[in-house]
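We just call them A, B and C in the order they show up, numbering each chain from 1.
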Amino acid sequence: MSIDLRNRLFEQLDQLVLIDPHTHINALDPSSHTLADILGYHYYTELAHSAGMPKGQIEEEGISPKEKVGRLIENLGPISNTIQYSWFIEMAQKLLDFEGDTIDASNWEAFYDSAAEKMSADSWTDTVFNKSRLESVFLTNDFDDPLEGFDSTKYIPCLRTDDLVFHLTNARTKMRLYEATNVEISNVASAREAIGKLFDHFVSRNAKACAISLPPTFAPTKVSDARAETALSHVFSHGPSADEDDQRAVSNFIFWTLAENCQQHKLPFDLMIGVNRKVFPEGVYQGQDLYDSRVSLIQYKDLLNAFPDVTFPISVLASVTNQELVSYSWIFPNVVANGHWWYSNTPTFIQHDCAARLEAIPRTKQIGYYSDMYKMEFALPKFAMYKRILAKVLAENFVIDRSWTEESAVELGTQLLRGNVESIFNVGS
Amino acid sequence: MSIDLRNRLFEQLDQLVLIDPHTHINALDPSSHTLADILGYHYYTELAHSAGMPKGQIEEEGISPKEKVGRLIENLGPISNTIQYSWFIEMAQKLLDFEGDTIDASNWEAFYDSAAEKMSADSWTDTVFNKSRLESVFLTNDFDDPLEGFDSTKYIPCLRTDDLVFHLTNARTKMRLYEATNVEISNVASAREAIGKLFDHFVSRNAKACAISLPPTFAPTKVSDARAETALSHVFSHGPSADEDDQRAVSNFIFWTLAENCQQHKLPFDLMIGVNRKVFPEGVYQGQDLYDSRVSLIQYKDLLNAFPDVTFPISVLASVTNQELVSYSWIFPNVVANGHWWYSNTPTFIQHDCAARLEAIPRTKQIGYYSDMYKMEFALPKFAMYKRILAKVLAENFVIDRSWTEESAVELGTQLLRGNVESIFNVGS
Amino acid sequence: MSIDLRNRLFEQLDQLVLIDPHTHINALDPSSHTLADILGYHYYTELAHSAGMPKGQIEEEGISPKEKVGRLIENLGPISNTIQYSWFIEMAQKLLDFEGDTIDASNWEAFYDSAAEKMSADSWTDTVFNKSRLESVFLTNDFDDPLEGFDSTKYIPCLRTDDLVFHLTNARTKMRLYEATNVEISNVASAREAIGKLFDHFVSRNAKACAISLPPTFAPTKVSDARAETALSHVFSHGPSADEDDQRAVSNFIFWTLAENCQQHKLPFDLMIGVNRKVFPEGVYQGQDLYDSRVSLIQYKDLLNAFPDVTFPISVLASVTNQELVSYSWIFPNVVANGHWWYSNTPTFIQHDCAARLEAIPRTKQIGYYSDMYKMEFALPKFAMYKRILAKVLAENFVIDRSWTEESAVELGTQLLRGNVESIFNVGS
């Protein structure tokens, strides 16, 4: 009965047409061409590597997509328990008409070929959008992305700012910034001018958010213009060998300037908090980052108080930070709980975190889920996973434990999945 | 069947007459006069504020109680999912004969009036005690509370000591202490004398506990009399601008002196660990505090070892600290796990934390729940929430998973709800 | 149905013959002689002490085993809710033919006598092995254990290294090392020689792992030979009063040397992370240790990167570190998630931690459980507890939530319980 109930709720949530509020889709090449685009996703390469497959076999230069897929398939046995493997199978079944529950050495090749044929259709991306019941997706664009050649109401730009905040010591970043804005950044005024131009450009192209991922040690504070002036000058003259204090002051100055621009342009600022980069430098591409779960949202106290008019959709990397996210969203009007990110994007953590949010954060201030995908095919299985868990939580914690009607439960789920994306990011309604 | 089982256990636990071991009830005005006393509870004002209602609308001077309730009701839609909203509805139904599941613009006014009428009865407080099956409640009294004008076996005094430990730099605190004790505190000896007088007074008025809430950075240590002497002298001459080191030494000295008095008077010392005050200074009244969950009970190691005869009922603010609370209660004879506090007082965290405690802490060393309420009407829905979760945990983790009889499960629940309050605080038996 | 399903899965997992990959069994005296060996286990003495039984009654010199059991039994009432008490009852029922659910003042004496009689049989240890379906157990041997007098394929040696890393300042440790290796350790070269000899000895006696428990503050780094040389010289001349920096450098040097030897001898290095020793010095024997849950696996970043060929089965003391363990095992090929340790070895934490691991760590990189027992009788109830929880997780999170077949679920459980112990430690297959 609880299972039937869950299924009924899921069926209704599964009818919704969604907007995916955070992806890494390339708008000029959104969907896959072969299974190599699917299995090249870092979740598969890093798990296969973790289970013993040498990096050299995975990332060997010059091998064909088919060869790569064959090698990976043969190494997926040890990860058949993972939720990531189940994404692959569900995607194969629902989008690529695969029949069966296992893809292995015995059957992958025929499937590879049939998948490649389907993916070669001109309409493939549209097919994926339709079957996935997706209306549009947010992108994650480098600050110097020209944002041209695509429909920006379907592929909605989002300004990613990691490079600006953390890599301005890098001469290449400064050069890219110059190329994007025609501003040679050398001091506080020119930095403000350049960043202002980026926002103008993005907003003119329908950008609906600014985003950044942040290490657990980051604790933004306002620095004075005078301090920023000195710090910028030191950082530009010494590059990556500049004093850590100066580098931190520059990061803080740029970060604060971004928040000011978000305020001015009424853009939400997505904070994705907690990642340490390159913890495992010998890992595969995009499979090197981990974290120190000892982080607190108290580090963002000054920021949240300084920008009451900026909405901060916050994602946390570790489930142990979820209760703080619940509490800060419950108290701060400008904090929104955003999705289930990366290492917390597995069922046990999603269920625990989702349930805690649903019972204590205003229902208008929770974004249920985003896929974080690099290729369109992943929206379907990832959202399906989330919707099953959401249906379970709504069934058990609301309909059974709190005597809610199924209709009310579906309304709440609908708001998390669609309504809040519209209202928070000002899209799609 | 698991649902039926839960209901059977709940029904039995729900028959118990309880003592609420921690509230903020004003013994001279314990229950509500209008719904404004209910909806003025910070849980509603802060959630409405978080969901977008301006503070100025909530806290406008001079508006009538009815106007305030009307404004708040119109802003509760976004929080209808929260467990706090469900407390309001259950309270309305069970204590105020409200019929229906929603209170909104369409029906609040008639309900406001009928509630005000019921609350105006002389017997209203008694009615609430009876319907809530409460025998008595612990108060949380300022140190200079005269403790007069009420039945101290029904409203049991508890000495709150936050001001003494953390705000002795404040001239007003020193003055209040003088007025309460006739001791002008200026050095170690007079501080000890004043605090001793407070304890004598409280104990003579049937106080059964001393309590304090503590920031996550606090780590009590014993300071020598000589160090305390210097620190007190600096703090009294420089006030709030005194050295942080001196302020910390004074806090430690006063805290240690409180523990010594608890030992002497055989009073449990409630430690409520983890709150940062005024994290969101623009928040509504009592809706400004949050926390840094990076706190450890190891900070209390010296204290727990130094006072083996003092019972420390410990509450932790964040569920991530609950496992430490379980382990410290399992090892230290003088540590007791106490209730589910504030940001951890929502079903998902209660269930997880309660289950972990029930299977590893001696059954005599767990206080199931306290309401933390400011007005008597909240005991019923808050305890009901807890009893449902307790029944669920007893049903699933004991009767089903460990083959306990229902009778044994109810006995365990009864001990958490009533028996341990009696034995730990020496009341009511 | 979910209960029936769980039971079916449990029955199948319960048929497996297991190898216990971490115990503290004394190979020369593996099983109990009386119930005093059972109830003398720190879980019972520390819980009875925590519930109010004076240490002097528990540890009084010269009392008979029977007297000790009688005293403890009379103090177990307050811990009848704990999972540890349920281990005792299940063990009594399954191994010692006890009938009933409670052992108390009314019935313990007859049971004591019948247990003592059963335990006095020459075949008792074999009986326990058989009824527990155990094939062999790992030991935890002091570095100077002669490893003689037992069958090292049934009692598999494991080199415990806590003393070497953390107590080399202790003259007694240095002496024991000399007695074990004939090497007078005085500098880097002799330290390497001595440790090499220990490994040679252990490996020659079929040792299959090296193990250590680590405080939350430990963060291993490589120190240069020159730094190690100075540090060793200071530590040997000043003993425990040597500079903390020097002591830390010595710990790091020895720890790194152990890892180098694990690499050379292809031994997994069990890291048991997070314990603070003697937090409660007045506690009973082995009941004095607790922890600070603020620890991160990022502290092991350098080590994990430096030794890609050493397998590190990692146990964490607190459930809040479990997600990091999941993520680090998912990314680092040489990290394996190992069992449910000590304060996390209770059902609520096991279930949450186990579920999180099963869905995100390659199935080949998870060791389901070890008993950590001191006497053979505890394997049966401890593994039974784990198998029930594993069956529950497989039933709910795999068969129900993810539509796995029961057969596949049992295969996954079997791999966790047996297969991975074989492959990771190179035993038993």
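One rule holds in what follows: contacts are C-beta pairs under 8 Å (C-beta built on N, C-alpha and C of every residue); 3 or more make two chains touch, one makes a residue touch a chain.
Everything numeric here is computed off the predicted structure, so don't read it as measured data.
In the contact between chain A and chain C, the residue numbers used by both copies make up under half of all numbers at that interface.
When the CA atoms of chain A are superposed on chain B, the rotation angle comes to 120 degrees (nearest 5). Chain A and chain C have Cα centroids lying 39 Å from one another.
Shown for chain A are the residues in touch with two or more other chains, namely 294, 320, 352. Put simply, chain C touches chain A in their complex at residues 294, 296-298, 301, 304-305, 308, 320-321, 323-324, 326-333, 352, 355-356, 358-365, 397, 400-402, 412. Across the complex, chain B meets chain A through its residues 3, 46-47, 49-52, 78-84, 86, 276, 279-283, 287-288, 290-294, 318-320, 343-344, 346-349, 352, 388, 392.
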